[in-house]
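I'd like to ask some things about the structure below.
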């Protein structure tokens, strides 16, 4: 809806030509612009506090560009996840100031500086080096949403002293995101060391009975430590998003 | 360890008869009292900020009473989960001021008033009436940990207007715990309505392909709404505990 | 069997050279023409009311063309599902009037105009944009079978007001097909809003624990709304077919 | 809400003391009576065309009686499913005109005669004799909702001539509900014989790898016959409800 | 072991230089020729009545050729299963009289004519056309082992009259192999029509919840018809082999 | 149908009062007697060569007795499986000559001597002693169907010499039924020792990851020995029945 | 076989009336005494170095007593696992010197003192207190087999300092058995701290998605620490047995 | 940390400039060199007795080379597993003395001769020829860790005499690694023949219901032979590593 339409509406309210309820209801139903293939919800940043995020998988470069242009026009910052490198390169030609993270397949484009929203530090940890791409998706998301992020990689439980030697970092974080594949034990150990919320992210790292992350997921759900909740396998974005919600409190 | 032993230790430090490191290390290793069957960790309330919680299942009344007496002597508040009614009745004879919640099988015993710790309200919701026992476990836990709790029961997605008519409650909560069995859709809808962390708790309510809560669990992990994390099936305690950690931030 | 053979048979009946039972029995056994690799059943359109549909997957272009020619000779309209674009292009050279839907991999070829069979409107909805290919398979099938079809895409439950703002469409449909992946919650919400049959179609959209659509399938089977039945994962054709059967009633 | 309250509201509308929207909105929000443990939705019979159904499992006799009394006061017919015989006997003392079906654990109570709603016959079939309780739940539900119901039991596919000898019944039904456990093949055969919607209900009958009905469920989802949709395992109620929705069209 | 070694052994027996037991024992241990990568057991055709069969998957052309040469030298007929077309073409250059079946990926090579071993006819049936490759593997195996084989393809249960119109074929077979994917119902129907052993072969045909043949497998294991046993998914060879064992009785 | 009715029918045929087809068709449709809860098929012993078998589970003593009386009147031998001891005792009061096997929960009642049908010996083996109940169900079934049965119990693969010391028994059997729980390896070893059909029966014996027989079932389906087919978990009856079908060839 | 038979055999050898091979072979086949329900293998203690162990589940007191008497006559020590307390009490009346462990349901009976076989200490650890029954089964087994056993209970990973404060015990053990339920993380941490073989035992402790120990099992199989192998869920006996085999090396 | 730094530290201890505790603690925290992507732990060879092993999968050639150079500088022998042939060839250009095993995708590089550590022979067996790659990974690992290794391939249970004819090899081994896919029965038979620890390795060999090794894994966990423990599917390295730990005892 363009501004004129909005003003007209408000005038009618003032003049009593329309009830407030009616006006409210119209406002509510207006913001869905139908691009033919997807509905962008511009009010979302008001309602939920964050801009719409684009899921890159299964969308063509053309579709993504068209959504990006819409969002840019509204002055919103843009985060795209699960974006193949090839598509990213095409997008960067049209949006040269966008930034692509090849390890985690995330692309960000800023129309305005990120406003600091988080009150403390979000610590993002991994058990192994192969878990890093998922961790980076979480880190980029959290930073994009205005948080200070620290990382601590490759501190899996088979070398428990590596983790313990970094205990200070753990203790100063306000929210922790713990990323692990294989037996998924790291969140349990971390959850026992801190008194802060721990968001566990299982990864599809492993082979044989790791079942693409299910083993890690189950281990995390059954954590003997309290204060741990779990997001979907490889869902770095979801963890970063939730950590941001918490860190704004 | 008794007080005398502790004083001796500190004296030695003062007098230089023992290095500080040594003293620290001794302090660290002391607090595990071996009751023969379980290790109680009295420092835990310092380290993690909350007292030890007793998992009632598989413990005899005698074992539970022995742990409770130990904890009472330390002046700690006590929360017992998964406690059969029959055992609870036995415990209440010894601890008549304890309070038992028969629906959720939780027992609390206070040695001192609960200190308010949470900054906002924790809203605990259920999709159906059969989800209430799990929700109550979450509610009692959160209250025990010093939080203001509100509840909103039986607002499942098949009657979406019931949920929408309570939208104010949703919007004023600081943390939300959403409990649902069957198809587990409620957290997705709630997650789309608020900009606060949502902790989803699948319950084992349902039959056939609900698989004792697995269907709800999977649905919650795959929520199309961001800002949702999941705890184990029927884990009301875990959800209440995590919500408390977040609400203290 | 050709017409001559059929006439001969009927003559024999008239002349009493063959009992009616015998004739009937011969009629029943005749229509299977063995093409070597598949049996086409020309009587099917009489018996079941719809022509045979060709499952394109695993059949060569040559095999499909040979079946199409047989069916065309009988004057039947043809619907081919799960057809790779490459094969479709080859078929279109021989049947230039055929129409191919690249998103849903369906091809239709009409030997005669579609007769209107459905009494009301079939509404086909999706939770996300990635569910559209399956929805389109349902839509093309239903149209091919003589139904008026409306669509409503990208109205997933995480933005519940999008769905509610289209409530009129829901209320005027006679049969609803609801397509969703991920947590598969949309049919539950829709089922709670209408008093018409809802056919739920899980899609293999998602990652991690979406398990190629199993999560959505389970959620739909466990819908807390009544009036919902489920077809196989990604089975847009099956949903469109069943919706057509219902809409003819 | 009682009648007086409703009248007052309408008066205010007439007198302009309240906008229509306000009135509407109040009307919408009123009908949820909070019984403490469950929300009854009296408008449901208007909105969805059917009265609320009570799920008996996990509710005490007291809870059920209290809901029944509420519903009776509104003049609604009552259907209770999954009701243990013992509870049913208690209820029948308070509601002596209620009828209990011990095989299917359903109880009905009529405050007014059932109005005929269905246009044709619903045929309910089973593969074996052990599937009959689930079939009966479907049959009672469909009759309660105003349908003419026929049944055809023990016509499983291992004795295919039993089924074929009843082909007339199949052909005259408007909607078919097919209940089967074990290998769940009956809906496929039936779906190939008729051109009407077939609702398949897997049952938990069987042992070993029948997995409490999962084998039958999977077989039904993968039916090679078109026109078949599936409800949850043992969900006779759901099948009867959906069949009723279809038969009213 | 070469002939000379064998003669020497027998001489020793004759001359009393070795006990018969010793000789027997040596004979028993000799026949394993170590080709470095696999052990061929030439006595097998005596002990089990059939020559060794080569599993082609995961073996290089070189390895297969080396085994074939060994077996040819012993005068044995050779059957190779799961052989990629490309490898087959290479093998046919060295063994030009070998015959390759591209649909079922089987290759046979005869050093002597096949001796008729089976007493009756083995009937091999499929539910659909996509099940034919597996059926052909069974058929070639059974023929290779000296059986008369008949086939009946595309007679799935959704068109039950197709099957019934071929009932004579069913009744004259001595052993039946029934191959089906999707819901795997055909063996149940066939098992109900005949009083002969039925070997059911699930195929990985289907999509969604067919789970690569598991649904068909489970349905077959839970067949309501007696006289049905099941082999592994897509195991046409195993079915043909077992049918041959039975048909020799 | 009684004899008189049958004679009348044949007379009509002779006199031309009814066509042969009609007569045949009547014959086909007559034999289903509806007992209200189950259909007994008296022609089955002609069509399939064996009398109907009663599945005892889920049937009341009254239902079973009523079926038995019907079958006795027809002069058929009766086999009841899955019969609780308590019910069996009740039945034996009415049918004192019936024989009950408490280990395998089978009851037999003979109205006429068993006719020898099998041509050779059926050998029934178990891996452990806990598998014996299932083996006995197979043995009783096979004997009831006119076969000579030998048994060989507790010869599991962890003591391979026990099995080998009984090799003669293996080699003289015409059909082998191999019953095993836990890792289900016995059929593979047996299948490698004989050149006769092996019917493998997984049992639900074991704990932990034996999953109620699924592990044994999977192992048997994946047997590296050829000539093995599998029936459902604990399905001793099915194995004995199939072995009988084979042994009659 | 009785002693006379054995002497006769040896005489024949001496006199050359039988070859040594023959004698050996007869000896090998003799020792299986058929008790009707189970085969006891007295040579086993020679061949495998340990006496036969009796699996108590599913055996009647009478059967167990009969086996015990046989074994006692041979002078063997006896270990019975999975023995219900009630049966144990009955056995203790006949064998008053036997010892029963009610937590782990193990019974031992010594006919001669246990000979020390193990070279070092076997350390048996648990994550929680509910894992102790399984650990005790392992401990009793290992002691019975002649090993020095130490235990360390309730040192789960959520309180990692408890484990670390006992590091000396870990470092002095020769073999470690680590018992854990829930997320099964303890073996990974232990495996990273020691350079000795670690045998991991998953337990069925937990609820929801612990799936009766499967989650712990999977976590252990996917341990990021090397040097860890796993036995079946709750298989304390197996772990104790294997640890004994290793400790004898 | 370089030597100079270490000396400085020790001097400070001697001179009392630092407490021993402090020194120890510094020593403990020093050895983690952060290469940016992974942490190498040089003390590991002291602490666990073996050098760090590199998991090749998911690491680039550049990353691997950088780790190798670090390790070479420390004078450690290097073992890389799961290394694609292409990467191996690149590494061999830089480390020409390294040795690559293409079947098992292992690469070794020696900076000093392997020291004999094992006390006896490790026997590595396979059921089939397709299991050999996994067996070779175990063999190379065990040899690299200083053990004498023997192999025995293709001795699966369907040809039990092949195995028995090699019984001497079995009886002289100190530790046995048994590798098998499909039904995974070999470890049970071997476990029954020897009184040594058996490490079972399931492989992903097979098709259909072998489920990529799960069937073999389950069979091994449920082995009726005692003394068997299991590692992850295809985890030859883990088995070789654990066998080495045991053989050093």
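When the chains are written out, they are named A, B, C, D, E, F, G and H in that same order, and each has its own residue count from 1.
Throughout what follows, a residue touches a chain if its C-beta (ideal position, glycine included) is under 8 Å from a C-beta of that chain, and two chains touch if they have at least 3 such contacts.
Keep in mind that what you see is a predicted model, and the values were worked out from it rather than measured.
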Message: Using the touch definition from the top, what's the fewest steps needed to get from chain B to chain D?
response: 1
Query: Under the touch criterion given at the top, what is the topological distance in steps from chain B to chain F?
result: 2
- request: Taking each chain's centre as the mean of its C-alpha atoms, give the chain farthest from chain C.
  value: G
- line: Comparing A-G with C-D, the one with more C-beta contacts is A-G
Message: So which of G-H, B-C or B-D matches B-G, with over half of the contact pairs the same residue numbers?
response: B-D
Message: Between chain C and chain E, what distance separates the C-alpha centroids? Give it in angstrom.
response: 39
- prompt: So what's the Cα centroid distance for chain D and chain E, whole Å?
  reply: 51
Query: Per the centroid of Cα atoms for each chain, what is the distance between chain C and chain F, given in Å?
result: 42
Field: Junction residues of chain G, two or more chains touched
entry: 159, 192, 208-210, 214, 217, 221-222, 226, 232-233
Statement: So, in the complex, the side of chain D touching chain C is made of residues 47-50, 53, 119-120, 174-175, 192, 194-197, 199, 217, 221-222, 226-233, 237-239, 241-242, 245-247, 249
Query: Taking the complex as given, what residues does chain A use to touch chain H?
result: 129-130, 132, 153-155, 159, 161-162, 165, 205, 207-210
Message: Per the contact definition, I'd like the list of chain C residues that touch chain B in the complex.
response: 127-128, 156-160, 164, 182-185, 188-189, 191-193, 206, 208-211, 214-216, 218-226
- line: Contacts from chain G onto chain F in the complex sit at residues 28-29, 32, 37-39, 41, 44, 55, 57-59, 202, 204, 212-214, 217, 232-235
